[in-house]
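Across the two complexes that follow, chain A remains constant while its partner is chain B and subsequently chain C.
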Partner chain A sequence: MSSPAILGLPSPRDEAWRWSDLSALPALAEASPTGGVIDTSGFWLNLGGPRLLFVDGRLDAGLSDPGPITCGATGVASAHALARLATGDGWALRLGADHAAAGPVEIVHVATGGASHLPALIELADDAQASVVETFVGDGWANRLLSIRLGRSARLMRSARLLQASGFVSLRDEAELAEGASLIATVLGAGGQGTRIDAAVTLAAPGAFAEYGGALLARDDQRHDAAVAVRHAAPNGTSRQLWRAVADDRAAASIAARVEVARDAQKTDGEQSLRGLLLRRTATINLKPELEIFADDVKCAHGATVGELDARALFYLESRGLPPAQAKALLTRAFVADALGRIGEEAVREAFAADAEAWLEATL
Partner chain B sequence: MTDVRNREALDAAEKASTYEWGFNSDIEQEFAPKGLNEDIVRFISAKKNEPQWMLDWRLKAYRLWLTMESPDWAKLNVPPIDYQDAYYYAAPKVKPMLDSLDEVDPEILRVYEKLGIPIEEQKVLAGVEGSRKVAVDAVFDSVSVATTFRAELERAGVIFRSISEAVKEYPDLVRKWLGKVVPIQDNYFAALNAAVFSDGTFVYIPEGVRCPMELSTYFRINAANTGQFERTLIVADKGAYVSYLEGCTAPMRDENQLHAAVVELVAMDDAEIKYSTVQNWYPGNAEGLGGIYNFVTKRALCSGRNSKVSWTQVETGSAITWKYPSCVLAGENSVGEFYSVAVTNNRQQADTGTKMIHLGKGSRSTIVSKGISAGRSDNTYRGLVRVGPSAENVRNHTQCDSLLLGAECGAHTVPYIEVRNPSAQIEHEATTSKISDDQLFYAMQRGLNAEDAVALIVNGFAKEVLQQLPMEFAVEAQKLLGISLEGSVG
Partner chain C sequence: MLTISNLHAETAGKAILKGLSLTINAGEIHAIMGPNGAGKSTLGYTLAGRPGYEVTDGSVTFLGEDLLEKAPHERAAAGLFLGFQYPVEIPGVSNVQFLRTALNAQRRLRGQAELSGGEFLKVARAQADALGLNMDMLKRPVNVGFSGGEKKRNEMVQMGIIDPRLAILDETDSGLDIDALRTVGDGINRIMRAPDKAVLLITHYQRLLDYVKPDFVHVLADGRIVRSGGAELALELEREGYAETVREQAA
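Right after this comes the complex of A and B.
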């Protein structure tokens, strides 16, 4: 018996969940996984680093090569409405000072129905460096909590692609960055599932850098929903939030991005760019670029636009001989590519671009 | 900040710690018993000799209000309000409906004189012929004490009345539109207002008439422990035009007073309404003691083709401001505009912005919001631009700029954009900045002192909005900006 009340799910009456549709979750929470074998070979990027396969939230040790990653209790917990369910065993990547993982870490989450809640921890000591790529496939509710702690000048590149055929993926990232640390996070939502991406990134010491963004591609009756808050708690921090949303059919893509600048966080440089592209008249784009500023010597700007493809750009391409459909596809691809360009490893970036491309081809 | 500038700022803050309009006049007044219950609602309705339908409407609103909760989504820290600890009706004892202005209590006239309403308006209030014409409806606490230029407006067919008179004289017209744009269930404060509103202004501009003069209402809270709940309804029929100004002040008191107004505008085919507000309620002292809680619901319905509503507001007063003048753009090619300057200083809190609801094809909206925060205040822009699925070719441009003066204040921007039609073009831009040392140095090097330099730069920052104001108001607003910010920057 799981109703929203029992699960304690927020409703659209809660300001932070105004555009979310969590109505599918109670049923998914009740259902049990069907098990079965899913061929995951196509989802590995074969980057030569450690790899983990989670099936319905449980580690498949046979197909995993954890390297420095430990699996078990993580000690991670959150008060977040969905992520608080992610207790129990998970995975943890802890790297000592000046260490780097041997190649990018690849994690594939396969869901076979039902719900799985998984906590995770990435803890990088001073000057350590890591790159983590997560892929979500299958069907069901994958609920994830990731706690990120970056030491002085540590660098983390995190990318996640949500490619489930159906169901729901909810991500909650909670990151804290020490002096000069850098976090670059990119999320691509290009599957058939509903999505809620939540992040709270705190630049806790001077000179930190955070980038959190991605592309949400929604069609049919999907709801993709991102709510990211970047908090500048110390001076001289830089943050970028670059999001692109495309909505087709009756789908809705929503992005609420917030920059908070604390009292003493002078010389903050915060930038937000949120853009939405509507492909059909029944689709919806919701944007909320929010600024909360308590320091006076800061540079914070945001831009937000919603519309369809620029008619002049389309005309230009057609005048150069491109058929209308191709011209449209080209411009849409460029629109989405903006948001994926920050992924560092070429192979990962290309894989993400290919997923976006596949989505566009199926849609346009 | 350099030490010298700091010192100047402190000196100036000292100097500016008084609110010019904070006097309180001793006028014989009549109050309803303190507190709020159905009897008070009946009392107010009876005082106004209202027809039964008005009373029923009020009671319905009151009962609804009892079931509602005060909204808490704004970035405001609102102390609990004791709705039983206030008077909901206060009126000067002299009979308010007068044939000639000479009969107005001289004490009230002195109040308006002291308020420094632009000189033309004072002359008008005092009945001097030949001055520039601005028709004024003066609302003193709960009742309208004077409405000027009635005869001349009537010749043009314009109805300009206090709303309690209009209920009696034009019941059909009032009944048709009252509560249509802001229904009683709209929000907590709108329901409260519908239950206890005591007066306000009613304007009707008939088809094809361009209102021959600016219309204006001046609101004044005078009595202690009173809430002011006024209701304004403006209907512009086909092809009509009206420009309406609204000003407000209150005495300095240590307790907080509640002001919950509702303004409804209706613009039919080709009609245009220009609504300008200079809001200067008492903001409380430097420590945040006292001041007006300003919870206002303002909404315009652009129901006709090519109709246009333009909101301009200069918000410098109130301890707490909660106000979102909005446009429902239902008519084809209708236009909504929102120009706002909101200044907060000391401990003031403002959460203000607009909603543009695009339902009509080809509707357009422009939003220009300038927020200036100083002292230890918080200033939030909160706006919504929504495009309905059948609204083709909608255009919106939003520009939100924030200026922070000092390191103790906050500036926030919370824009919502909800689009359901691909042909829409929605743009939103926002910046946050402070007055740079270079700008200040340049202005001071040309001979201005620090205060004047800041006032000059701030006026430049707010220019886009100020130039939307009618001339009489623009001058007042410019001065007000300077005064509100005195001592806030060094």
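Right after this comes the complex of A and C.
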């Protein structure tokens, strides 16, 4: 028998979880995967790099080509309320100084029901660089912990798309950036699952660059929820948090984005842009930008707005011949596009844009 | 081509058009002039089907079909084009993407083959060149960062690409300097002066009519056409003012 208390799940009374709906998780944690076969052929981008397929959290070695990635104990652990469950075997990408993975790493996570908890580590030594694309499909609860350690001037592009038909995906990223390191993380929630995205990014040394953002598209009774904290612990750091949330029907999309600037982190350049688009008035969008600044010479811009599609723009498009659904889709796509534009590889960016497009076509 | 009979329309609960009748035949250029608040823009919006503009009486036939029962995009596909007084800025959507989507949506509705990207760009480039709009501007988001004159020129480029049967141009001359006015006027003549097309110019001032010579000029006051005449009526209005003309008519 399982309950939130037994699992130790946070409740909505906890400020950091007030917009989350974790009520489906106890049952999923108890359930067993059906082990059904899900065709993943459409989810590989075939970028020529290493590829890993995890089914219910277990590596399918036959369909994987891990390259430099090792699977097994990672040594990664977290005290985070959900990520603490991600113990045991996982995957790790460790690159030595000046190394780069041969092409973007593709990881597809298939869930067939039940729950899987998987830890992972990306550790890039000085000047190393990598790009990792994760895709979540199927049903069930995929719970992930990713620890990111970037050496001096290391560069990581991390992209995740949450495309499960149902169930829940929870991500917890914990990143630490050394001097001049760069992390660009983009998350797209465009499936039918509930979502919780948690990230804690620390710019631990001068001149680091961190970008964490994405697009959350919610419909029906879905809840998408992101809580990202970027901490500037050293001077001359730059951070960007650009999120776009779209909600239809009775869905709720929520984004809490936090920037912390420590006393020593002078010349910090932080920017937050949180924007929500309500496709129906029964939907909900919550935006919570937070700034906590202890240094005195910093630039932190932030904006948070929620609105509906511009009626004047819709009529303008329709008067030129666009049917209403197409006009809405065009405006909504433009709204979302900013958030996906930071993905470096064109093939990945286009795949994410196509997923967003498919969501819009199914919704509008 | 267009027959408006006893049209009554209201917006925000206020009656604006109060029994307007007007017939436009193919090959004709009509100008509607009138003081502020007479209902000029309401006429354009009502004909194009803007939400919030409600027809309470009367009828409009366009090319033999009931215009008022069509949705805005169907009116466009039927051949109606509204040039906006205040073209809307649409961040994140490029002109090229917008216009190609629009043109192909119209063609689909008419049962015509869609244009490929290459075919479309050729048409777009020709229209942009003719109106002195840099092709780079067509690749930028719709009207974002455009000056008033550039927005109006962009409306004409759109008209050239869409190639409508009837263009209703709502104060297309406002915000234009004298050179831009000539360019836009030339554009209207080039695109729309044809035996199977027609134009309804909605304007405050006579000056656009120097470049686009109307066959008929109408004075709109308090939701009705109170006077009609030839091109010379516009000159008279310019000379005498609306107040005089409207009063004469009421008397």
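Throughout what follows, the second predicted complex is superposed on the first by the 361 of 364 C-alpha atoms of A that agree within 3 Å, B and C clash if a C-alpha of one lies under 4 Å from a C-alpha of the other, contacts with A are read in each partner's own complex, and residues count from 1 in each chain.
Throughout what follows, contacts are C-beta pairs under 8 Å (C-beta built on N, C-alpha and C of every residue); 3 or more make two chains touch, one makes a residue touch a chain.
This one's a predicted model, so the numbers in the text were calculated from it and none came from an experiment.
*Asks:* Based on the superposition on chain A, does the combination of chain B and chain C result in a clash or a fit?
*Replies:* Here chain B and chain C can both sit on chain A without a clash.
*Asks:* For A:L330, select first, second, both or neither according to whether it touches chain B, chain C, the two together, or no partner.
*Replies:* The answer is second: A:L330 touches chain C but not chain B.
*Asks:* Using the touch criterion from the header, give the chain among chain B and chain C with more contacted residues in chain A.
*Replies:* Counted on chain A, the partner with more touching residues turns out to be B.
*Asks:* Looking at the overlay, does A:E290 come into contact with chain B only (first), chain C only (second), both, or neither?
*Replies:* So A:E290 only meets chain B here.
*Asks:* Quick one: angle from chain B through chain A to chain C, Cα centres, nearest 10°?
*Replies:* About 80 degrees between chain B and chain C, seen from chain A.
*Asks:* Touching A:G113 in the superposition: chain B (first), chain C (second), both, neither?
*Replies:* Touch partners of A:G113: none, neither chain B nor chain C.
*Asks:* Which holds for A:R312: it touches chain B only (first), chain C only (second), both, or neither?
*Replies:* In the superposition, A:R312 contacts chain C only.
*Asks:* Should A:G49 be classified as contacting the first partner (chain B), the second (chain C), both, or neither?
*Replies:* In the superposition, A:G49 contacts neither chain B nor chain C.
*Asks:* With the two complexes superposed on chain A, say which partner A:P235 touches: chain B (first), chain C (second), both, or neither.
*Replies:* A:P235: touches no partner chain.
*Asks:* Just the number, please: smallest Cα separation between chain B and chain C in the overlaid arrangement, in Å.
*Replies:* Once the two complexes are overlaid, chain B and chain C approach no closer than 15 Å between C-alpha atoms.
*Asks:* So in the complex, the part of chain B that touches chain A is made up of which residues?
*Replies:* The contact residues of chain B facing chain A are 73, 75, 387, 389, 402, 404-434.
*Asks:* Tell me, which parts of chain A touch chain C in their complex?
*Replies:* Contact set of chain A toward chain C: 310-313, 315-324, 326-327, 330-331, 333-335, 337-338.
*Asks:* Please name which positions on chain C make contact with chain A in the complex.
*Replies:* By the definition above, chain C touches chain A via 48-51, 71-73, 75-77, 81-82, 84, 87-88, 90-93, 97-99, 101-103, 105-106, 109, 141, 158, 162.
*Asks:* Report the residues of chain A in contact with chain B in the complex, numbered from low to high.
*Replies:* It comes out as residues 15, 263, 266, 276, 278-308.
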